[in-house]
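Two complexes come next, and they have one chain in common, subunit A, joined by subunit B in the first and subunit C in the second.
What follows is the complex of A and B.
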């Protein structure tokens, strides 16, 4: 193989890994909330974009990238708490709440995208964040920006922590109990509403983090929100609603698909393929690939 | 005689007369007349959406996509084959309705959130397809200078008479719904909405009735799409994206789903808003987002549904021994 081919291969692998990890993070956030609260968050892409834009504003105001990330995550937690308090908890006891939640979050999507195009949309159409870490590392003959390596490390670190949390921590066990059987979990003394609230908080924070990492690794525009929403839903449906393993596996596959397709065709072709995959799963195996 | 039924019918007749008279009243003011025409198209759309959302209980977010297919097909037939609008519109609408049925077929098994998500995916694919088949759609740039339908003598339909045609179609669309609901077919739709398993046990062919409903709702979407294209004179994929579907859904939910009058009220109140906020299109998105949330959380029966509910409560309070069932399910 020539050097040029190898270079393309290496960049595809690194892009695939970064995109895959970010997709997996956001989809894990969406799928945890759906599996537990039964809330399909259609506005996940707007949360993602909000985090990216807020970090852009803060770094633009002279904050360092690391400080901006921490501030945005804190802001994300406050906003999620507020949202849970104002909107989300009102439907906890409704029987068919997934449709209602879907509609409510579609409304939220419209509100947020309207606000973004009224504000950020007027200032710029392409946003870039200063790198978290400067410099370039040579991996063999391939240059890789340290910034992207940092993004990759954070993303996989958070995914691993999430796994450990769900598997070994008390909260994770309670959350999985609620996944499996709400009534039984309640009978065993799990405070179901508190778990709902925590899950929404956790899921939203992961989505915010995904947006931050994406903004660090790539420049972005306002259309990324809707693409992310569609992609996260596709990953959740294909991987199986509520399955974090499914979100991780399918997220990585989709990330690599995007990286590979983008070499030959427009990224829209990749979006097309996610939609096709989601449709096929919805029609033939609505429980997804990784559900038990 | 059920007095409530009589009341709704009188209201409907009054609205129909108003709709047919207003084009003459508004003839002098082109802007108001145009808003009126757009409201009529949206009344037609909302009535169609209500058939599936209000009576069968499924939320079809690919509604605008079907309207787009019909509009593009109609334009293709008139431009490339020289067909008259009055031939191309029914042909394109019928074709688009069949496509609507085809797209709906696989989702027959799905209910609730999964049906809605599936329709959202189909809508997104259709929007992407409109952008990526520029041969028919001219892509994101859109098609402009769409010829209006021709009058009997070949002159283009315009002004007062175009508004009147739109009013006639809107009234006919709403009247068809009003006629359909008390029939056996309409009652079967309601049975499926309330409990499709029970409906199947009672001998109702759920699949066949859903297919009929898909066809009807797609036909409404398609006819509205053809009129939209010729009335505005310009279409782009943006005109038929998911936000349009959601807006039409909002007309139905805000007015009162599962009633004939409700969607009309919703369209009449909400459809003019974009024209009054011309400078601030994005603000319209914020407003309709807020309305979507408010309707879902606070007003699940819509304005008209809430009105009926309160009236039923008052009546029940007045005659405690006769239990009333007048309130629609919310």
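What follows is the complex of A and C.
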């Protein structure tokens, strides 16, 4: 195999993995909240963007990337708690709350989008973060930035921890019980409202982390909020609402689809190729690949 | 306060200050009511950086002109309105300035979209329209009568790059990586037209959709094609990503050509891009800077903590061009001003390049190619001029290439 072919192959694999890992992470956050709270949060993309913008502001003010990430994650937790307290919990017991949540979060999306446009619009040609880790690792002829390796390790590490949490921890078992049957879980002594709160906090924090990792790996602009929101919902639907494994598998499929289509067709075709894949999968498995 | 915040404060202060400053200028200037020019620019929305940078340049020239007695013995007043980077808002503001302020001319847009919207209004209402910074070719399409454009058209930039490569490396193999935006498509159209005529071979041609954030795979494809030069035109911060990914793959900075570069872009490319080449229309590293040009750079830098680029320079020159045309016209009458602009033969105050307009309002075009020597964080940079050329706008079929 020639160096040129190896170069293209390695770049395709690395792009598929990194993009897929970030997609999977964000979709996992979305699916936990939707599967447990029945909250299709239309403002996910805006929170993803908020994390990236906050980190950009802090690094622009001289903070190191690592410190900025920790600070933004802390901010994400505080904001999630605040949002849950002010807005989300008020609809926990509303019939057909998924529709109410969707409309409310759609409004939130519009508000946040307007604020970002007013406050950050002027800097939209400058949104990149300094690397978390400097240097390059050669994989054959392909130089992979260590920063992207760090992003990959963090993303897969968090996904593994999330899987273990849901699988083996008491909270995870309670959360899965609420996923499956809210009333039955309550009868078994699970504090359903507390689980809702924890799920929202966990899911939102993961979305915040996704925004941070994306900003570390790539440049971004204000349109990334919409792109990521659609992608995360698509992954959740194809993977099966509530399934973290589904989010991981489909996230990687979407990531690799984008990377492969962009090399064999064009970067433009790649932007909608995975949505075509979603439609194709749903034709054969309307409930999602990993739904239970 | 970081540099971004500082720049924002300075830009907004400039926008507010220029209006406030007019009152002082009114008092200082000679007898007579001010000559009003409508300046509709991007103070909010995605193009804010360009609009506010433009206003910062405009302020310097307006102050200087009014301190020296204004135009036709009257103060020159730029009535600034925000078009929100929105074509409809740009037309609404133009109408307001036309009907309520009775402006003698319109100016201000730094985006081709808003400029095209104002173009329709200005041509229909027969108002002289001096476009400082907008490169879409159709702004000076055949039949244009009232619109005059200071910035060369974008297809011409592509033509100029091919001419530069023809001289620098005959038979050069070139890869193109660009975003799918009107400006980028126009540059590439001009380049592709001229490339075979200049014996330049295009070995890779990669178009990215708007909103792209990664080019790992395409950069590898381009590297595998083994080009002598890569022309990089990414939208927004994607430009930095493209550049860095090419550099990561071992493409040398000297092989990278950016068709245009402003100060913030040079800072974004950073020190690792030292040696790379960019096109421009004004730069701190020009060989031909006049005394006034050096003075403008120095004062702008002091006030804004960064050097000006061609955006600020064009907006600095705009009031001087209007002043000279008004003096030649002998009155603040729209038709006379239009005629004076169409006959104007002058030079940019800051660099001495010729300013004259053809029958469609297109300027005698020109472009500098600069090479980055060093970049000092986000404070300043050094560059050297390596090529300059001039051409007539219609040396290529510009209005057929880009519709």
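For the reader, a short list of remarks on this structure follows.
In this text, the second predicted complex is superposed on the first by the 268 of 292 C-alpha atoms of A that agree within 3 Å, B and C clash if a C-alpha of one lies under 4 Å from a C-alpha of the other, contacts with A are read in each partner's own complex, and residues count from 1 in each chain.
Simple rule for what comes next: a residue touches a chain if its C-beta (ideal position, glycine included) is under 8 Å from a C-beta of that chain, and two chains touch if they have at least 3 such contacts.
Since the structure is predicted, the reported quantities are computational estimates derived from the model, not experimental observations.
Of the two partner chains placed by the overlay, neither subunit B nor subunit C lies in contact with A:47.
Once the two complexes are laid over each other on the shared chain, residue contacts for A:268 go to subunit B and to subunit C alike. Once the two complexes are overlaid on the shared chain, A:208 sits clear of subunit B and of subunit C alike.
By the touch criterion defined above, A:108 lies against subunit B but remains apart from subunit C after alignment on the C-alpha atoms of chain A. By the touch criterion stated above, A:7 is placed in contact with subunit C alone, subunit B being left untouched. Of the two partner chains placed by superposition, subunit B and subunit C are both touched by A:117. After overlaying the two complexes on the shared chain, residue contacts for A:220 are found with subunit C alone; subunit B is out of touch. When the shared chain is aligned, no partner comes close enough to touch A:256: not subunit B, not subunit C.
Applying the stated contact rule after C-alpha superposition, one finds that A:145 touches subunit C and leaves subunit B untouched.
Subunit A residues 117-118, 121, 268, 271 lie at the interface with subunit B in one structure and with subunit C in the other.
Partner subunit B is touched in their complex by these residues of subunit A: 40, 87, 90-91, 96, 98-100, 102-104, 106-115, 117-118, 121, 230, 233, 237, 268, 271-272, 275-276, 278-279, 282-283, 286.
Across the interface of their complex, subunit A is touched by residues 2-4, 8, 11, 44-46, 48-49, 52, 85, 180, 206-221, 223-224, 235-241, 248-250, 264-265, 268 of subunit C.
Looking at the complex, you find that subunit B touches subunit A at residues 59, 106-107, 109-110, 112-114, 116-118, 121-122, 124-125, 128, 131-132, 243, 246, 280, 282-286, 288-293, 296-297.
Partner subunit C is touched in their complex by these residues of subunit A: 4-5, 7-8, 10-12, 14-15, 19, 57, 60-62, 117-118, 121-128, 136, 142-143, 145, 214, 217-224, 227, 259, 262-263, 266-268, 271.
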